[in-house]
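The following blocks contain the structures, represented as structure tokens.
Same chain, two partners: subunit A is paired with subunit B first, then with subunit C.
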Partner chain A sequence: MSGAPSIRDMFFEECEELLEALVEGLAGLEASGPDAAESLDTVNAVFRAVHSIKGGAGAFGLDALVDFAHTFETVLDKVRSGSLTADADLMRLFHRSGDQLANLVEAARDDVPANAEAAGAVLSELQKYLGDEDAEEDFVFEAMGLDLGESASVLTPDTFEISFVPKRALYENGHEPLLLFDALAELGTLEVTADTTGIPAFDGFDPTDAYLGWTLRLTTTESETLLHEIFEFVEALCTLDITKSSAAAPAPEPPGLIDLPDLGGLPDLTELPDTSALPDPDPIAAEAPAASAGKTHEKEVRGPKPTLRVDLDRVDRLINTVGELIINQAMISQRIEELDLPSVAHVTNELEAYKLLARDIQEGVMAIRAQPVKPLFQRMSRIVREASDATGKTARIVTQGDSTEVDKTVIERLADPMTHMVRNAVDHGLEAPDARIAAGKDPCGTIRLSAAHRSGSVFIEISDDGAGLNRERILATAIAKNLVPADAELTESEIDNLLFLPGFSTANAVSNLSGRGVGMDVVKNAVQALGGRVSISSQTGKGSTFSIVLPLTLAVLDGFVISVADQTMVIPIASILETVRPQARDLHRIGIDDQVISIRGNYVPVVDVAANLGIRRSGPAPCGILLLVATDPRGMSALRVDAIHDQRQVVIKSLESNYGRIPGVSAATILGDGKIALILDPEELVNLNMGAQPSAGLPPPVQKELRHVDGT
Partner chain B sequence: MTTKVLAIDDSRTIRNLLRMSLENAGFEFHTAVDGVDGVARFAEVQPDVVITDINMPNMDGYGVIETLRSGPRKTSVPILVLTTESSDDLKTRARDAGATGWIVKPFDDASLVSVLRRLTGNAA
Partner chain C sequence: MSTALDPTETEDTPPSAIFEFVTFSAGGQSYCLEITQIREIRRWTTVTALPHTPDDVLGVMNLRGAVIPIFDLAARFGLGQTPTNERNVVIVAAAEGNTIGLLVESVSEILSVDTAEIQPTPDIKSEATRSSIQGVISSGETMIRVINLTAVLDQPAGVAA
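Showing the complex of A and B:
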């Protein structure tokens, strides 16, 4: 079928949803157990998902997908009908089948050859669950219509006499004798004679009753079987008699496969007999005016959660416009402030209301882009299965906070780094089953994914209950690769975070599974590009945890408007733990330029923002205000700025696409007075500061990385 | 008058494909996303012909056909079953429920349109 590309795209979009429903259903089935009362509904839902994929795939001629889905569906049907129990083995197979189905969908979507071997392996396992009778009933798609070619052999034509008298029920079921005649006419030469003698006088005429009968004379090379098949759907609804004129005995009626006949290229309908006795085609239609005539509209509002599908571009345009609105609102506020009106002025009150509304609109618009992380997590469960299959380990996945909503772009761009981390967790994190048993652990490892909102950020953690990081080996690798000097003294968490160094990943350290030439530095870059940060922590013998902190949205942020050396800048509030106005005596000098401040007994390095941005020479500066920021894993740094002016939401405008990348600066925004302000990246500022320390003496990559300073 | 078609199918892809074929052919096209929706939409739209899937949530295709063919407001509009299955069992069930015909997915545009035109006796 020559489906327009857009419909094809929509099919694959739907496939995504169906695959999600499939995974969800399988998980539900696993959770409830095969005997639970609700499990039938769940099996039904899983079945339907596979079935719908098959149906759509058939329409686009995706045969590999159709074949696989069909076999999968047939096994599911056996579970549905109760002839098969979904035990642990079968559930595993179902999961793998779901994965393969997803692979096949992906391959079909991208129009690349699928991994036939993997699909074939799962397919043959599925087939083991099918008896011979299922196997024989090989699945074929039939195009609608009669398959005339096959049964038409070189026979001399026979003539059949067909007497056909419909009952009332035939019309009640929406049948149309004309169609049957059309189908018969396809088979050869047809003569039709109507018997109108049954029509009563007008006053006894019931328009919904059947009065007509027909005698048909068909000369055809087709078998009598085929004639019966044409009448298959109406045979119980009429009096039918088919006889061969040559007086051969009628063949018994075998089961037919013929469906609605193809009726192309037939004589004009007007040549066919009068059908005035047909009942009103639709009594219901006659009862009410067709109010919606001429207007097509699709109603898609059933189900628990009505949704609206909108082009993403439209949402983004809206978000952009709302961004302008926020900037505009800030400008108006500023102008009004400049007028210095009494605080009770109406305009001030109205302005407050306007601000609230603008904020509501903004939040509402942002929420449109927000999506639960669930599909992302579900995809990870597949990665866990693939990775554990490939490594011979057994692993289960546990998710928490599936419904946490994150910006769509963030979710999309997180997929690759997360895949990598999850693969890593299975491949490097988990021990082989026998090693786990030896360590007194459950032979089946656990990969835990969690997501949560906390103080304007999204926290995502990927942890395993494996052996923890092998710090000796990590350090040795880093030294061998000349990433750190041989005599470097690093804390445990510093060693752990060496993993994120570019060039750390080696063939030696990486198996063929998580290899693929991607190191953890790529993960880190991807997360940082989203305005987030990633770190790893590990406990020997208990496992490792990757932690990702991300902003809720990529479009706006809550920031402090600060000034640094007479420049107005914005710093994200989310990264600030605390603000401190230090007394001169709290500050301690270390070396020539470096200062630390004692915060509750801990010495925290002071980072002079102006000096690091090159706006002001470093050196003794006024105490200013210190913004304490967290540096992972649990350290702190203090950013020195001159003043904090305001706290407000700012619209993020990318610098990189308009200007270029500036270290220490993540983006820019437009303030209420129309001026452009840079948005600072606190973490990078701290890194810059560390890099500027001549005493560190490490090669550049590590200087950038070693930012864990807790002063203790 | 334009011929109204109601397609009941839980697959958006199939609905889209039908919509494309049938709207191009000049039918007024309506859809429902499952059996219960289908019955509700039937009363609303009052279509001239119904195309229904069998495997659907809430109410399956047999249920739809039985519902539409029974009760005081039973209809005699043609109901076509559109499904990937072609086993005799399923076909018999659909026929007994009151289906008018059977179309196997994937369907062929031209034949479908031709069948619908003839079923509804309308050149629309």
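Showing the complex of A and C:
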């Protein structure tokens, strides 16, 4: 990790993971029900997450966070000890507490004051579950034993005999016995004896194995619970035996006493586990705390998968360099082709191998950036809770395909649009409970989030089982806002897509939740900026579904290499439905210089790419090839290009970083000859056409007006 | 990033910091850029034109994997397009994290100048020109204009695009 992030940063990173584990645990608890056998494990996991956050927060003096976590933890502990049952009410409170905890963590991280009112409300509800004595107990962090009550009373020093024999996995997980001993030494007087009898002869020595055992004698006033806490995270990774010796007699000097720091030297060798275990693209960081936390009995070690935290910059640098490698490979291929070698030349085979290797490396590197959508979905479940609280509706969230992996940037940039859509789904999509009952539905609405990979794209769907879109109202609103002419005849899907027009606000009355003037057009823009598409389908009375289709990665795309008026360009294959070599009889003129082509009975407008990009041709326009592209909100357009040369994967290079946005162009790429080719954005290209239309002095038909609004 | 010198400041600060400038000509006039802003100087090669851009944006070129825009400096200063000539060079410069290329007619020399010798830009009419030139150096017979790279980049071309 470059520039060693501060411990504080690491704490907050860990907090994120812990919060994820917390949410997951709560969801698991809800799913299994309070009485299920495994629920104790789950409660423990949740408890541990809260406890760890509290511990860290204490170290950084984040008092608000500590106080809240403490109360939360105390209530959880009651559930754990069986004196409270996690019924539906308590579960809801737990969820809210989890949200609140996340808020506090965020507030602490950004160093802004937290919403004390909200925290106070949840806090006081939590305190209702505590007896008086718990509620008034001051929140001293050290006093938090795993068992309540036992700790405070003991004041006379006890001596504990601790036998600690680490297993190999302890080192593999990067634990360091010395640190544990240091922690113990802080509690009282510690004597350490190493048992070196297990060390084999030098030739049989495996530096990654664990050979040492230790016997520790600790004289302390602290409780045994605290001792267990120190070993909390390694308990499953070692053989641990803590016994309380009756007398506080001073321990005899053990014969084989070894200087502590030396002990640390040996395990150090093992700190980096076998590298073959590392490059697992699954970022299982989220599961790690849960896995390590969920133990009550000593199980056979199934420690967390080893992960590696890496500075994102490093990964991005690597990705860039690999991009260069791909370009370089393409250049070499081209150069060698130009040499016109005999076809049997070995170099061709080697070149092919090089190409495959480069692709492999690229895929591997991309996988580093891929992350499961789970955290995003978990955030959405929080949004659903907040939104249903605010609107007085009841809603549950069902997620599918949590483990679907998407590029990290996509996840980050999807958070806002998703939040908006989920809020909308609860606020506008779902009916009020009584309306639902009247319609014969479960009063509790369902918001369904799903993610899946399909043919090189990521599909994300947000659906509700509400009333469906009210098309009459949408059309009326659009007419009232002058977005469509009053006499417009639109199909159902055209009406649905009106939602995406800028300046379209859905609700009649602006509720305090959605409808803050941010329309679905913002969602659409955000998704489009990621190279994706969003669409709606809705069934009256059954609900609506918003589908987002995104490219797997933002770094490469599959494209056609085309030429337009002597310039080489790339157009994403994903957006092309069909290519057509037009016959003269299929082309029809409309107006002064508009053309349409009839495709199986439908008339599709022809868009001349060169003209729309403002490129002047030197000669007459060739007949060219038409690329049919889907253009939301309304069907198809045919892009006229001069020729298609090739289909290939190209590395996306941003134009914006050094220059700025250019309408109709999404990015650039570097071709095999080292030349830059522009990557076209078909939809924007078509809209450019529409934007230019009114100046032609023709009264634009309905659809064009629509698109014009959309494109400007 | 070298935020070059500001001539107004150099007047009261203790004098004589020596700066090196690369001088070149564009549109028949002499200009210079502080040497630390210049990454490299390349021969002119054809660029990929960008649609919907003003005349002074020639296009983009591939600089070892980075896509950088190339501006015609003469056109930028309203001196007309630089005629094609094999002596033309592209000065690759960096400012505010952007890397850009400037097409100029030719590069002349490297000039060591004491900051005290840089005179403030004379009070000329064109606001745009005044802000793009942060001072002038007189060298023999000629007046060399010191380009304020940041201002040049912020000028309309980007907006007009």
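Quick note on the criterion: the second predicted complex is superposed on the first by the 440 of 712 C-alpha atoms of A that agree within 3 Å, B and C clash if a C-alpha of one lies under 4 Å from a C-alpha of the other, contacts with A are read in each partner's own complex, and residues count from 1 in each chain.
Here, a residue touches a chain if its C-beta (ideal position, glycine included) is under 8 Å from a C-beta of that chain, and two chains touch if they have at least 3 such contacts.
The model shown is predicted, which means the values in this text are computed figures rather than measured ones.
Of the two partner chains, subunit C is the only one touched by A:L613; subunit B is not. Once the two complexes are overlaid on the shared chain, A:H175 sits against subunit B while remaining clear of subunit C. Contact with subunit C, but none with subunit B, is seen for A:K653 once the two complexes are overlaid on the shared chain. Once the two complexes are laid over each other on the shared chain, residue contacts for A:G204 go to neither subunit B nor subunit C. By the document's definition of touching, of the two partners only subunit B reaches A:E14; subunit C does not. In the superposition on chain A, A:G82 contacts neither subunit B nor subunit C. Within the complex formed with subunit A, the residues of subunit C that make contact are 47-53, 57, 59-62, 64-69, 98-100, 158, 161. Looking at the complex, you find that subunit A touches subunit C at residues 320, 323-324, 327, 567, 613-615, 653-655, 657-665, 668, 670, 674-678. Every residue of subunit B that touches subunit A in the complex is listed here, in rising order: 1-2, 4, 10-17, 19-20, 23, 28-34, 36-37, 41, 43-46, 48-49, 53, 55-58, 69, 73-80, 83-84, 86-88, 91, 95-96, 98-112, 114-115, 118-121.
Those residues of subunit A lying in contact with subunit B across their complex are 1, 3-4, 7, 10-11, 14, 44-45, 47-48, 51-52, 54-56, 58-61, 137, 141-145, 171-176, 178-179, 182, 208, 232-233, 236, 255-257, 259-264, 269, 279-285, 288, 290, 292-300, 302-303.
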